[in-house]
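Residue numbering begins at 1 within each chain, and the chains themselves are lettered A, B, C, D and E in the order written.
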């Protein structure tokens, strides 16, 4: 009993005891890749069914088509980890794009346009976070449903119901062009993914969001700035919507109040397919990205295969369901293998 | 034939591959697609690839389809663009040597198109406005059921109507209905409650007008009801006298002329830059020929 | 009063707290000195946990004053209480079931740098945190099946041991333990009692809530008894006094 | 210590001790009416702004326009009480209405049409419940998102994308006609509300849903048939969608694949405005109905006042937010008054 | 073995349970007779709660057999265990925080009728249930601030008292209590111990998990000690044996 009361820093002596067998380890590692495994299965199926699917050109298309969902899904993941939900992101994309387009009509400055879009996203996110925290609301569903409605109305009103064409070159570059077959937007997604990975796994803030999601009351007692953490995830989610607006606006060279419709459902589905839990405290960025890609690949493959428009929603629904169910089975298998490994030891 | 596999034409045989992209699955576009399928069946040297979006504002969906058609190597695309937002993707197609023919609505100011085969919605709206101006006594009021906010062709129908009315009636309400029947009924109920004397109701699309007719029937009023699209439901209502008129478009004509133009452009022939498929007021007098 | 002229580590006066119609605390006065272990006794629902939560900043008193080392403080939040040097083990443990023991240990005071960055943006020193957590736990001889798994699936006693170890490791001035041995085995209880005595030896003020009279007798310097939100007595826990304390708790007629 | 080990049935002697004052009791009772108070405020405002609002005729319209949301909200309440969510109800309304219309085109039997619509709802609900339970899915969000997609696709496919006109007289009666100004559909809503009230407050099943929502794991240990309870709420939610389909189809005398679009969001908003919690175990039927009426009244009032179409979503968003915020403040006031009452005692 | 030729109320043989890589139970044999109190002892993480959860149908053994009154049974679910006459107080209490005490009492066995209806559709006898709950609680002298409020805001001890009272009120053959006095005050603990003795007197088989050696010494007829998932010994808890039991628990070298 020599418990130091200062911050303990000395390293433990010797490695922790290991009781694991090396036998079924490979199988276990494979099973653990989880959603990625299913993405691979979907890609293989698509390649088998359509000869053009696995061409660089089409993969470029898939990536470009998925960039917006991917960005929104990463932000949604942060929100969901804290037990929240952000329904407003789709409308925010529309509002930010409209504000950007109007800014471009007023002043021809690319910097200002980009700032306007990011700023709009930030503003909506801030409203969500602050209303949730200061309003002591029990759940973010309703605030973000309200801002969904308000942002949609504002976008329509500002735009006069019309799309406004024209975006600065840099926005068009980001959203609409590629290096070879690799879209610029994919590079942006990759950069953001690295950033979010850093945030969630290496920074104190990342710890905090998992703590808040795991036990909000405990987090408060541990003097974690719960309110600040909550506001920050909604602000980031708004910012992500601003970035998504830049990509969409660049891709379409316009800002329109119809952008981003129902994008929030895609984002949430991606996060859930990636194994996160609505009960908070669980989920990873990499898997959210895999979920987004899964949705993108399925949509693309159905277009390539010319699946009837009426049938497409049916296929998507079924595939989503299968993906989640496979994840459940995968988890059960993982536990089974762990036991086998322990027995083998 | 259908590109879905069981085609009677050998894929990749000498046939010219062209794409047809329509907005979303409703009667109007189905009529168009049916006309194109007829054309397809009758022309052995043409193979049509079909694609359809999820809704009237599904820009992203259409763009994905365009990109995929480029990948599939079509020679021409005939498309009903959801909005000018698909222009970027169409530019890519043009750059890849694909001819683009716009059907149903234009993308104003875009120079990449080979031709536009369309109803002039503004003109159609004007037609309805002028017709209504003649029917209504001076000082009348009118309510407008808008379509989906942010959709240019639907907005044009409202703009055109106001131009055509030229002040002959005062607009007392113009709620959005998302072209949804239930919302049309709810809005019409409320309009008739707030403005029992409204002389006319105009709808920018078919379904809300069909819904509004229910409200009119229940309220026991007789406003002049005018729609746009002349959907099968509207035709029946005009026959039975509950609806006064509707602006008809010609989707089948759009489809067949559109695909003809696209094939011609793909073959390198010169095509007319604009093909108007026209509009016409459907009233009790001429409804028979629209059935 | 045991403390001499030096101000007590913690002094509470007139503490009152209501939950709706329930009066959980009713004008309670209390003080603890440095190097003293105060036992807080009382039947179930007497208000012990409520008092502790108020001192830890989780709840706020409706009325009453708190002084630390003679200066009045306001404990508006858990951060205030931590800032004032108060470390607490809650009855419900307040653990993060989804996080591993190290993350639980350092929750809210992560070891991270560089210092010039705002707290949330600092880089975690993950290795350092897990090493020192393992060390503290092994000193308390808490055997865990897996150092990297979330604490949600640990046994009741393992969880309590983690909560106690956490508070002890970071204690600076006042340590409050709400039934710290309730779920612990013999050996683990022994270690926690030793730990409390060690904390006293280091000059910290310790408040312990416990229903285990033998533990109280062994470690406490003073015992305060509460009943229905009121302080009903204060005794030195000596063998002669034990019966008196018990009847105070039970409300002996 | 004379604890009976058989089921204890003897009545306790004497009334429990009361420590409450009669003083601020009235204020407390008023505050406790909760969401109802806010509905009254909204109605008073609407009456002040529009002379026609508070006429029997318009109230009849409001009721008719709200019937579908009200029914879906009651079912959604049951789902939310068990910690769940059902996103598929809107699409299910469309699918059921289409199936009903096609049935009517095939056979002219009103009974069969009604059964077809109810059966379709039941079928979708059963799929949701069974997939959730047997698939051991962690959360119903994704199953019901999948069935949303599938039902939507099926409705489009079956209907060929077209509305199918014509409904039996009895369906038209229920959905489209009134007794004086009171719509038949309102009577149906009232009857269902009584039934759900009975279910939730008087029957064993009602206890079970709150138990499952409050502590699913504890419910399992208490030998409550958790799986059965979960399946039952989704089945009822599907059935409610079938009933909603009857009303919609009767009102419009048609079945169309566009029916019920986004109705799930309205239903969820109504339930949340009514004070239920996404964390389960909390919420009442009466308040869910009040939430539905609140949404209906606001929509109606804006139409009467001819509020600009662009502005309408903004107003709705803001009003929803205010309603929820007022409920939070109300709760705080209630606790304050309880203390005052206790002090006065 | 205490039981004579009559088969024991509960017999477990070769019970084994793994969680992932953790072996929580390793070939444990155990039996309890009617009218006997068996204490299940062991350090934190020894596997006591796991054993109890398996017997209560919450978890399933990976291997091993269970006999009740001499007939082999399968305990696939909590309903099976209840059906076999087993009533359990869990260490985490398994209460419904959103429901009032009466609803908690009768959860899963609501007093309702008429009998010919399927269980879920029966009408609750709400008055009868709340009256008898109030009676049971008042007999155990658990004072509650509000009989109609959810149990989530009650004190730790009040909650435990409700869980124990619930199991006792419905006990039919075998009663299992996982640390039933951990959070209880002196008076409440006393009452629970009396209750256990009463249950024994009525011929029920009782298994008690407890870390409180004085309680074990007082009420148990036999003590089984577990360590790291294995059964390491079995003793009669007499004053002479106490030291031996303690060293079995601690693993005294």
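Here is the rule we use: a contact is a pair of C-beta atoms (placed from the backbone, for glycine too) under 8 Å apart; a residue touches a chain by one contact, two chains touch by 3 or more.
Small disclaimer: the values here were computed from a predicted structure and weren't measured.
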- Query: How many hops, at fewest, get you from chain B to chain D via touching chains?
  - Reply: 1
- Mind listing the chains that sit against chain C and also against chain D? A, E
- Task: Select, from D-E and A-B, the pair of chains that is joined by more C-beta pairs in contact.
- Result: D-E
- Centroid spacing, where centroids are CA-atom means, of chain C and chain E in whole angstrom: 29
- Query: When the centre of a chain is set as the mean of its C-alpha atoms, what distance in Å lies between chain A and chain B?
  - Reply: 36
- Gap in Å, rounded to a whole number, between the CA centres of chain E and chain B: 72
- Note on the structure: Chain centres from averaged Cα atoms put chain A and chain C apart, in whole Å, by 40
- Message: Where in chain D do residues touch at least two different other chains?
- Response: 156, 161, 309-310, 312
- Query: Using the touch rule from the top of the page, what residues of chain C touch 2 or more other chains?
  - Reply: 21-22
- Item | Shared interface positions of chain B, touching two or more other chains | 24-25, 149
- Residue set of chain E touching chain D in the complex reads 56, 58, 77-79, 81-82, 88, 90, 94-99, 103, 106-112, 119-124, 126, 128, 131-136, 138-140, 147, 165, 168-172, 191, 194-195, 198-199, 202, 204
- Message: Touching residues of chain A toward chain D in the complex: what are they?
- Response: 131, 135-139, 141-143, 145-150, 152-154, 156-157, 161, 265, 268-269, 272-273, 277-279, 308-318, 320-321, 324-325, 328, 332
- Spell out the residues on chain A that touch chain C in their complex, using ranges where they run on. 1-5, 7-12, 16, 202-208, 210-211, 213-215, 217-225, 228-229, 232, 280-282
- Message: Under the stated contact criterion, what part of chain A meets chain B in this complex?
- Response: 52, 55, 57-58, 61, 64-65, 68, 156, 159, 161-163, 165, 172, 176, 248, 251-254, 256-259, 261, 299-300, 303-304, 306, 309-310, 312-313
- Query: For chain B, which residues are in contact with chain D within the complex?
  - Reply: 24-27, 30, 146, 149, 172-176, 178-182, 185-187, 189-191, 193-194, 207, 210-211, 214, 218, 232-233, 236
